[in-house]
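Chain naming follows the written order as A, B, C and D, and within any one chain the residues start at number 1.
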Amino acid sequence: MSGIAGIVDSRGVAYPLYYALHALQHRGQEAAGISTFDGRDLSLYKGPGQLSEVFNESVLAKLPGNVGIGQVLYTQKAHRGRPENIQPLKFSFQGHVLSITVSAALVQDNREALRTEYEGKGHIFSTTTNAELIAAMIAHELISGENAENSFVNAMRRLKGAYAGVAILDGVLYAFRDPLGTKPLCLGKLATGYIVASESVAIDTLSGMLIRDVVPGELVTITGDSVSGRQVLEADHRAFCVFEYVYTARPDSVIDGVLVYDARRKIGEKLAKNPVQADLVSPVPDSGTAFATGFADMSAIPYMEGLLKNRYVGRTFIMPAQSLRENAVRMKLNPVRRHVENKSVVLVDDSIVRGTTSLRIVEMVRDFGAAEVHMRIGSTPIIAPCYFGVDLPTREELIANGRSVEEIRKMIHATTLEYVSEEDLVDSVGIPGVDLCMACACGKYPLAIPGEPQCACRRVYPAKDN
Amino acid sequence: MSGIAGIVDSRGVAYPLYYALHALQHRGQEAAGISTFDGRDLSLYKGPGQLSEVFNESVLAKLPGNVGIGQVLYTQKAHRGRPENIQPLKFSFQGHVLSITVSAALVQDNREALRTEYEGKGHIFSTTTNAELIAAMIAHELISGENAENSFVNAMRRLKGAYAGVAILDGVLYAFRDPLGTKPLCLGKLATGYIVASESVAIDTLSGMLIRDVVPGELVTITGDSVSGRQVLEADHRAFCVFEYVYTARPDSVIDGVLVYDARRKIGEKLAKNPVQADLVSPVPDSGTAFATGFADMSAIPYMEGLLKNRYVGRTFIMPAQSLRENAVRMKLNPVRRHVENKSVVLVDDSIVRGTTSLRIVEMVRDFGAAEVHMRIGSTPIIAPCYFGVDLPTREELIANGRSVEEIRKMIHATTLEYVSEEDLVDSVGIPGVDLCMACACGKYPLAIPGEPQCACRRVYPAKDN
Amino acid sequence: MSGIAGIVDSRGVAYPLYYALHALQHRGQEAAGISTFDGRDLSLYKGPGQLSEVFNESVLAKLPGNVGIGQVLYTQKAHRGRPENIQPLKFSFQGHVLSITVSAALVQDNREALRTEYEGKGHIFSTTTNAELIAAMIAHELISGENAENSFVNAMRRLKGAYAGVAILDGVLYAFRDPLGTKPLCLGKLATGYIVASESVAIDTLSGMLIRDVVPGELVTITGDSVSGRQVLEADHRAFCVFEYVYTARPDSVIDGVLVYDARRKIGEKLAKNPVQADLVSPVPDSGTAFATGFADMSAIPYMEGLLKNRYVGRTFIMPAQSLRENAVRMKLNPVRRHVENKSVVLVDDSIVRGTTSLRIVEMVRDFGAAEVHMRIGSTPIIAPCYFGVDLPTREELIANGRSVEEIRKMIHATTLEYVSEEDLVDSVGIPGVDLCMACACGKYPLAIPGEPQCACRRVYPAKDN
Amino acid sequence: MSGIAGIVDSRGVAYPLYYALHALQHRGQEAAGISTFDGRDLSLYKGPGQLSEVFNESVLAKLPGNVGIGQVLYTQKAHRGRPENIQPLKFSFQGHVLSITVSAALVQDNREALRTEYEGKGHIFSTTTNAELIAAMIAHELISGENAENSFVNAMRRLKGAYAGVAILDGVLYAFRDPLGTKPLCLGKLATGYIVASESVAIDTLSGMLIRDVVPGELVTITGDSVSGRQVLEADHRAFCVFEYVYTARPDSVIDGVLVYDARRKIGEKLAKNPVQADLVSPVPDSGTAFATGFADMSAIPYMEGLLKNRYVGRTFIMPAQSLRENAVRMKLNPVRRHVENKSVVLVDDSIVRGTTSLRIVEMVRDFGAAEVHMRIGSTPIIAPCYFGVDLPTREELIANGRSVEEIRKMIHATTLEYVSEEDLVDSVGIPGVDLCMACACGKYPLAIPGEPQCACRRVYPAKDN
């Protein structure tokens, strides 16, 4: 997982990229980088750490130019001590300068075949990133005589997986998105330029206007004064990641036409269809908030925080007679005794992964005197790993894998437990189910994954007019 | 402003104090310190920075003992480069060892008279803290032959102002609170000990039980196996700080019998008495949340975030064509276009101080298309400075000073603006108005402040049975 | 141990104090602080860490004024987590402002008696520093009606031990030195002001001129345009610390009329009186350098480094099959094989304390093929602890305690071992032996130390003309 | 400039590499990295900063394996914010894993031609390092079917310039050195393994024995139990960098058979051939020390420090009425007044580059009263830039460029000034002049540099027996 952005702006791009990446920081806090092009030179600055640790005013001042890209990177990928994996990458070859950053999870056999092929073509890989692989593909097309746009087109046609990328090639900004649309990418208008970004909140933060999403399979080319899109790939159906709506994205983002907050709120409303006798509806903060407002509205049970969150980050130490995990949850969440004592509480959260945190939360609320704890979950049970970038544990660690809802309920000590149904989830998001990737919920994948069953596997083909 | 805690626990106090202070960190992030006593030596560790920057496991391991106190300090007091002001302080004299930390704002002439008196008695002050002044007073009593408890009693009798303090004197934990109760302090039971703390959330985080508040004017003495309270001072009325309920305290704290969340929620309900036609009720996150839930419930207008908060902290730089303040607010808050566009929005916040932030927020929501912005405020207009520790700007900078609500409304560009009435505020908190300090709202003070009018000034006298 | 400085300069003192303290940093790297007075306010900035970690240009800019003092502090005193002990201290009382820093080691019973007395007089101590004790004494004199100068005089008359101090009282700079002169302190002229400092290198670094040492027992008062000295105490003999000349001070300092480098060089010459057959004379860098140049010159054996020092500081880790101490010495010192292989090497060092480092060095040189290692030491055997501030280990850990030179030689595996004789040491320093403190060498002390024998104990009395 | 090392050791290599790199830290303090191979995986850890900032015990513990390489990097190359240039690099292709680090300065047209060629062969460069270029060459050889050793051989045959490199390819350690020997590289025996390193001090620090230098043009292959060398390239003459002996290397290193300290000492002796009347010989510390001991010995003028160095690093700020550069020199160096006042001083230093520092030093010594300052320089005048890695300024900034010695003398305010003659320099190093690179002194280069004259340009050809 990571957040990416690309900006063309006649007033300079370093500062706007910094602010755009700040709005995307929930997608990655382990490393950050920005590269800009000033018509002659490509400047690059990046490093490990949170965005505000990497960048300051004097660094931004050294990133001149009217076109640039940047990334915030999540922990899984940015291994401390392996700084070469931090993006954007920068390549130079035969008079070209290419800087690129992608948020990508390729299907393993596609990735391996391509790496082998390009190793065979003479590229030796210095990072483990997909960005380098895609850069090598683009570069080889260019070297073979293709023009810039077609180089991207040809590379896209050979990739299988989920990806969204931005690149500067010889001063032009390119943005591309996988044909199934699994990774989000949107396009916005700024006062004096354009922006592409993982989520629309990056556009908002610059007081820009969301124009539209980059269409799945589209390559967008942005110069100083024009934006042009070219449909490179089409698919019979999409595979928009349902987890973006439930978990990953910021609630104030609009992804593929859907305001994330509203999807969550509607899920909450659906969860309330099944009546429950309770005194209050409380979110598990902050993940359950939007869901809980919907639940409360629909059920007419008062919305009231039964748990509050400590905004300060602290180190967790093992105290006598307590486990570390217990301490960690207690440091972050605090039940409100007067709200839960002798009460029947509906707790709404976005998901249950391993179940350990849910168990701790239910127990904590019971310790503060709750008579009943009714757990409501805004996603369907997660039973299978994600091969497209969501950092889920192994199948064995997923509590819902091989267990009934009733079994899970017992394990987390809830009075009742309900997940949103797949139908209601799809309905709430408002995108046809056939256009969503719900592999983590159904165990079947929209692309051929070796050893995994396919579920409505999407056929991808070159766009007709190309 | 600061957060304090004192613990007696047979299993050691360093770790519990660390967790308790973590729960109080909203009261101070600029410095932190803990001192503990192991029956022979008093160990002290403190430093500038957030709690988790100052303490780690190896430091906590060097703080042995079953009795201890600690503090987290707010910026106003902890001047960088003046580390001697960081508390707890430690004093040794004539065989006694005293460690103390107080959250205190004394009336200026009382403070100056006492400093002069104790300078005259031979103490030369090495810090600018009230803690040192109070320590000097206690020490002088002891030196004059008073016993430990009476030393605290005699000191308390001479202090005028708002204070809450904890101290270890010769291995015994003492806690004391000003007779008007302006500063909060509560007492809790742990599995194997006792705790006093600024707010009950510190008790919660250790899975303890709130026993009661330290009574205004009370001195509490805690040893390994007993807690005893002695009423030192009485007052005809209290002056509980109304700002704790509206602004300072964590919503999950119970202060003087009132759950802060509920006070705020009730204020929200009161604000809704005056009908408004609107599409949604949104808090200004996070300060307005509890108020907004009450408003929504009472008004039956849907509760829905119209603004969302970026949880990540970033550095703010001046972008071309934008002011720094504008950037700072945009980095933190993001309007949700689909929630506010062409809508009539009720925005609920806790207070308006200078008015600049409110103006920025209203404008931002209007920029995202809101048709109407109805601002509702959970406190009465703030027109006067606080002499008891709340960090308000000068009278001149307070927007409500000398202006009507209508004038303020125009200045912040709101469609309508309503503050909670004093009556409704008092009613919501549930404490008789005569027992609240509302000086910042009415400009009259519960104690004699030179140059300021008095409002129901409280008379303080020694408790009868002493 | 610590380094102190005080400056009066019409062009401001913050920067000059910074540079002066930088020149004194060999006397303390654990904490640093500066206070300045601008005619109205006393500004103070201090913190843990090396000088350059504590201060930067923006901090120095906040220290206005034409009079100031500062200190760099050694590890023994500056306990991490006890920032209140970092100096200068600042006190305010009865209209006076006093900032003070001292490098002091008082005789224990004097210290305890004075603390008890001033505790009795009403001061409660908030630090464990002698600076606070001395400040309390000065303050009490002032409070009792003494004038400023006499307050210092009366305080000095009651102190027993080694001390050098600088203070700002109500805008005037005072400097004072113990009557035996154990702690160094000198006075210099700057282009537009005056400086007092622990060592003359601080004067040099500001391109000033050394005027003279502060006389033992003298109080110096410096205002903008005058320097006046008053002899407060006299002694029948001095007790200049011989370790300053051998170990503590920078070689380029002139202390009490003696250039430290020359004293060391002469010691080296004296050591060469006893002939030895050798191929080269090498210092143990850097401590033995000046000694070795004298030895080489006198013996006509070539001066040539047989060991070289790595200037970079590194962390030491335990490697397989090696001890940590072994690694630590190897990281810092490297024998030059071609200089020592099959050679007879004279190694010159300043002292042997525990003997472990000397053993490691001799063994290392032997491992690199040296045929003979003749160790020559620029101090007499150290057999007793220092009560005046030199950080020596306990008597039991001192290798020379209770052992003959021959026994020590065997323990450190040297071919021969010679210490400078007491007579030659005294002769080299050029100060009469009766005016030197050599307690660590002879085990007898110049002041009455409980449980220790006295050696030529000096009688101190008020200066005649006072 | 950088320092490199490679180790094979059956007891693990992470710790020994750390210590070896610590011994080489004078060659680079801006970044550091280590990679190790454990028979299956290649672990890599690197980052910006000094060695001890990058590595700690827990990091070293994550670098398992019995073969490894590492580098410390100098500022010129390690651009902050360009972490991808930090070495070692790691490449994977077609089943091979290659980790490599080189200290290399290739002739520009060779570098460009090769980059273009390998770009044409399909490699797109992600760093600006020569290490990546050389890795690409080796990889292409492997991919074309060459065996490992020949891949290195073929790469070496195409490189023109100065280089020394170490690499791990599929678990085997390779070391290679340019045919002219411009970059140093030596081979040592450890108790249970082997080491190659830039300088022999890295061997010393591990208590190993220097076996020999890697022969210019040699490829050394090291496995767990064998070392084999293969002469890949020969040259009619060498071009050992004379600056290593004068400036770059640590004095305790033996490079190509010459102990650096001895070369410097002999240069000092040669400088003394021309008699001068003086009272003392002083080094400019630390760079002039070894030279000065030789001068003193030969001239029979006493060796005595006239300047001393402050070992502590500080920030330099501009003081009123002083320039920053002035402050910077004064912070670091302090003249010893009693040694220089009214004296005739011989100051010995290694080189004069821009002349500004020399001027400051001479003036400083004069300010402290020196009657005469006789400057003696251990290198010949530097008149031309280095294309092989020594960080010299542009021709225009070199004081000796286009100026006579007399003109330079006047500019630095010296009484007399003498440089060592080229003949004496060569004689002192003890390597035939034709085998030394003295381009910075003579302006003619041992390899064809576009726009520069050639001076005894060396012919390089494949070694006969290959």
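Here is the rule we use: a residue touches a chain if its C-beta (ideal position, glycine included) is under 8 Å from a C-beta of that chain, and two chains touch if they have at least 3 such contacts.
Just so we're clear, the structure is a prediction, and the values are computed from it rather than from any experiment.
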item: Intersection of the contact lists for subunit A and subunit B; value: none
item: Remotest chain, subunit B as reference, centres from CA atoms; value: D
item: Where subunit B and subunit C are represented by their mean Cα positions, the distance between them in whole Å; value: 47
item: Computed distance of Cα centres, subunit D from subunit B, in Å; value: 61
item: Set of subunit B residues in contact with two or more other chains; value: none
item: Complex contacts: residues of subunit B adjacent to subunit C; value: 44-48, 59, 80-84, 86, 89-94, 98, 116, 118-128, 132, 135-136, 139-140, 143
item: Parts of subunit A lying in touch with subunit B, wherever the complex brings them together; value: 11-12, 15-16, 18-19, 22-23, 25-26, 29, 50-52, 55-57, 60, 191, 201, 204-205, 207, 210, 250-252, 254, 259, 261-262, 265, 286, 289-290, 293, 296-297, 302-305, 308, 310-315, 317, 319-321, 327, 330-331, 334-339, 367-368
